[in-house]
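Shared between the two complexes below is chain A, which pairs with chain B and chain C, respectively.
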Partner chain A sequence: MRRFLLSISDGRGFDIGLVSVPLAFLFAMAGLPLIYNIVMSFQEVDMFSLGTFARPFVGFKNYVTLFSLPETWPILGNTAVFVIASIAGQFTIGFGLALFFWTGFPGSSWLRGLFLVSWIMPGLVVGAIWNWILSGDFGVLNYILRESGLISDNIFWRSDPDFSLWAVVIANIWLGISFNMILLSVGLSAISQDLYEAAELDGANVIQRFYTITLPMMRSTIGAIISLGLIFTLQQFDLFAAITAGGPNNSSNVAQYWAWDLSFRQYDFAQGATVSVIMIVFVMIASVVYVRSTRHEVRG
Partner chain B sequence: MTANQIELSGVNKYYGAYHALRNIDLKIRKGSFVALVGPSGCGKSTLLRSLAGLESISEGELVIAGARMNGVPPRKRDLAMVFQSYALYPHMTVEENLTYSLRMRGVGKAEARRKAEEVAATTGLSNLLGRYPRELSGGQRQRVAMSRAIIRNPKAFLFDEPLSNLDAALRVHMRKEIRALHERLGATSVYVTHDQIEAMTMADHVVVMRQGVIEQQGAPLELYDRPANQFVAGFIGSPAMNFVPCIAGADGRSLVLDLGTPQTVIAPKAVAAGRALTMGVRPEHIELSSEADATLRLPVGAVESTGAATYVTTATLPELVIVLNSRIQIRPGEMIPLRLDQSRLHLFDKETQVRLA
Partner chain C sequence: MNLALRDKFMLAAAFLLAAIYLFPLYWMYVTALKTGSAMFASPPSLWPSDPQWGTYGSVWESRNVGRYLWNSLVIASGAVSLIVILGTGCAYVLARYRNVWVDIGLFLILMLQVLPASLMITPIFVGFSQLGLLDYPRTAVILAIAAKSMPFFVVLVRATFMSVPMELEEAALVDGNSRLGAFFNIVLPLARNGILVSAILIFMQAFGEFVYSKSMIQAIEYQPASVGLNSFMGPNTNEWNNIMAYAAMYVTPILATFVLLQRRIVSGLTSGALK
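Up next, the complex of A and B:
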């Protein structure tokens, strides 16, 4: 008994006590809802059984039904396009900007800070702004494209099924650029200037220095930012709600919006839960990549 | 062609209004080992970085191996630099670090590998080629940094305080190793340090800098024996030279030292009577004498013994430090008879601090 008390005041017991508090919190606030969601995807749920947890189990019926729906594969395809295009755009432009500000021209750090404005704005506000920019009749994007001769007729970004998904992608890229840029800037500034000077004396030109020093030294940052990008993009809901609402005819619908739509507009809670479980799998994979890439940091 | 590998004439460097290098004229002979030494902020690193091309010079001319190098980017100067931080590429193995410059120049893989093994064999890195820098000790990293420079066979080696991150014992060892390497390769080396002992022991030619100006340059012992001014006199030698304000005696052959109380000694050379001067004498050039031969009798302030030598500090104003190579029994407060080595007194003008010719 005395040893047990001693271990709690100073020893393994104390360590376990400290760890258990956040673990209990995480389990209650994140673990339970997650488990509840997974269980629900294997049950038959309707408006009348919402209040109870003891619902009839139906095995994989919800999954089978889901994949027999005609809209399932197009929506999953849209999700893939949305994620890949958003991350590619955010990362490339963000990296470009990070390199640009890294040159350290007068006022560069001030201007870089200003870029965060896009990131701190609520998604619904960003959506509203882009609604104006993308507007088919009088939108400024159409004006620019038309005046520069790239298009002859207005594009109805939000209502044309060929463009509706891309309308959200453009807005999402804009929203994510600053976050990518800031994280990549931090990664860049962590590279010692000495390395570049050594490489320069060793005869490497700008492009060789980028490929042999910058990129390999940024590997963990890049891994982290792409997996974070995947997580954030799969969470992007506000822009869909604000810009296209998944339409027209599901042409811009993605899994995360669809899950909400199924659960809370069509009240098909089981199908909504099933879509979320599929998404959880992808987010889990991204999280593993994220944890691994931040662990394998190169230390000088 | 001249035998000068590096030649700087009238070089000036400004950072905005700050004048970092002032009228630098420096000729570095092919195969020589030149040390740039001075207190921090004296411009020695700026000068080295200007040679490397990492800083641009504002005025003047820089010639390396007969070609004007102003404005030529570092990668085209064919100089190798060893950094204080070593600047090893952390994501590359030792072998990849060594062959980096070769690969950038398009040397084939097999050829690069062969050269890496060749260089590693001479610097004792053969069994470390597969390791990453983070798996090496400080001394090993230092060797990798040196090997990376050697493998290129450059026009000159530039060293930027390469030993300052090592512990004292290793530093003494690496000093010899760098010097031996220099002799073996017959290379031209420019070595920046704030440690005058490194400069004195390693270099053929020492350049003492202060506030962007070359105060004096020459062979190490020449700087020790005939410092051009009070700054160089105080900077070279350890413990530092003693300086005593004095006035030339009426006969022009003696000096009246102001050590709190006036003391008269014979001047090393004729000086104008009444001229205000500063006399310098190194701690190792003051010796204990018999009462009869004494030129000075001074009270003892503190006595410290290292075993090999005894450091005596006198209770005068300014204090004199005396190094005696023997063990003696003296106590603070005692008066001791001393003799100054007449031929090794240095005289500087009180105002300009310049050595009297």
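Up next, the complex of A and C:
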């Protein structure tokens, strides 16, 4: 007993104790649910069998049912559009801003810090603000677009099936600019200035320098940021809950919202788990790409 | 071009960009001060002619904002305490050693970090209801948030521990400290700032958490402010000045913390996510 206590306070037991408790906690709270999720996707779950573990297994029936639903493919398509449009917008604007602030002028680092505000705001608050800005009759965005002559009639962003998904995309781009910009800034500041001086002496202009130095030097950073953007975009739930709730008629529904909607609105936990399993596979693939592109950092 | 002139031009452009970017926040505060009719005026005015400061008081009373914010505070504090107590030691061990087990542990932690909450809530909800945890809804949410955010905390704090020189700890061991003593007297005080900033970041995330609270807390008196805001926004709502006042009361403490600690938060975020 004494040796055991001594090991806890002054030996290998100290390290093992420190690391095993949190890992056990994470396994219980994240690992087991992950396994349970897969199990449920092969079971028949309804309100009556919710409280028991002994539920009938139905094989791949849930998956077959899922892909025979008429809304499945449109929702998966929406998810792809949402992810690609969000990442394209966030990355382009974020890269532009990062390059702009990188030129360096008095006050640039302070002003750049302001662009991080959206990162720490609760998603529901961001959603509420954009819900109001995008409002059809009285929204300020419609007013700006009308006055600048881009549109003649108001766009009903939240209730028009052609625009509802884009309403969420706009809000999500605003939300995601900050992390793209700051991580790209970090990558830019790591490029040696000597390279640019040498290129300038050789007579390369700004555009040539961007394509021959900045982009190649940033390749691993860009890869990491795009896979991180994919991960964050697939986590986006709050904006859907706050702006469109997936509607009208699923036109702005995406898989991560649909999974929740199936479980907690339609109480179809088996279908919810099935959608979850499919999406988690996608997220896992993205995170493997991310971990590989930052491995040198992870190892220290 | 003259260098000073260029600086001025760039500064003006930067202010313009910041103004465009921060417009949604500005619009929240301005709308909260407008009267019911000024809110729907066309063209919309950029400045409230008749600021209604009373909106804040009446929304605070009628929507019970105090109770919602208190619940957010309880949930966020509980989750952060749990994460700091469990995560700090884990980050320390992962920073101190270099071997294949540490690599595997880090890989698993990074993988857990990416699981979307809206996908994990289905099994967590069913599992918790079978264990009877849903009878204590705020505790259930605290546990779920802690599991969700701990990986991020571990990654951030590990970077802090890596910057603490191992020689200092070894010197303390030579001087007769036990591992436990060296950890609490030498390593923890040196890493205090990094742990604090990471804890604040996690706190702000947990303060705005929505999916778990929305799904697991049915009783309105235990719901946090995010769920309260969601139920305030019906599909055909038109009391946007009240909603914006609610949102302003919710987000202002977070924004104030951010402005005060901006420099540290930025460096904390960037050191953890990428280098």
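In the analysis below, the second predicted complex is superposed on the first by the 269 of 300 C-alpha atoms of A that agree within 3 Å, B and C clash if a C-alpha of one lies under 4 Å from a C-alpha of the other, contacts with A are read in each partner's own complex, and residues count from 1 in each chain.
Note that in this section a contact is a pair of C-beta atoms (placed from the backbone, for glycine too) under 8 Å apart; a residue touches a chain by one contact, two chains touch by 3 or more.
As the structure is a computational prediction, the values presented were derived from the model and not from experiment.
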Return fit or clash for chain B versus chain C, each positioned on chain A through the superposition. fit
For A:A241 in the superposed arrangement: first (chain B), second (chain C), both or neither? second
Touch check for A:A199: first (chain B), second (chain C), both, or neither? first
Of the two partner chains, chain B (first) and chain C (second), which one does A:Q208 touch, if any: first, second, both, or neither? first
According to the stated criteria, A:V81 is in contact with first (chain B), second (chain C), both, or neither; which is it? neither
Have a look at where A:L99 lands relative to chain B and chain C in the superposition and call it first, second, both or neither. neither
Let me test your reading of the model: by the given contact rule, A:M217 touches which partner, first (chain B), second (chain C), both or neither? first
Between chain B and chain C, the one with more contact residues on chain A is chain C
Given Cα centres, how many degrees, to the nearest 10, is the angle at chain A formed with chain B and chain C? 80
Touching partner for A:V58 - first (chain B), second (chain C), both, neither: neither
Least Cα-Cα separation in the three-chain superposition, chain B to chain C, whole Å, stands at 10
Could you tell me which stretches of chain A are touched by chain B in one complex and by chain C in the other? 298-300
For chain B, which residues are in contact with chain A within the complex? 52-54, 73-77, 79-81, 83, 85, 87-91, 100-101, 104-105, 133-134, 148, 152
Chain C to chain A touching residues, read off their complex: 6-7, 10-11, 13-15, 17-18, 21-22, 24-25, 27-28, 31, 39-40, 42-44, 86-87, 89-90, 92-94, 96-98, 103, 105-107, 109-127, 129-130, 143-144, 146-148, 150-151, 154, 162, 178-180, 183, 201, 204-205, 207-211, 214-215, 225-226, 229-230, 233, 235, 240, 243-244, 247, 250-251, 254-255, 258, 262-263, 265-266, 269-270, 273-275
Provide the residue numbers of chain A that touch chain B in the complex, in ascending order. 192, 194-195, 197-205, 208, 212-213, 216-217, 219, 298-300
Touching chain C in the complex: which residues of chain A? 8-11, 14-15, 17-19, 21-23, 25-26, 29-34, 36-37, 40, 45, 50-53, 97, 100-101, 103, 105-108, 111, 113-117, 119-126, 128-133, 135, 137-138, 140, 143, 147, 174, 177, 179, 182-183, 186-187, 221, 224-225, 228, 231, 234-235, 237-238, 241-242, 245, 256-257, 259-260, 263-264, 269, 272-273, 275-276, 279-280, 283-284, 286-287, 290-291, 294, 297-300
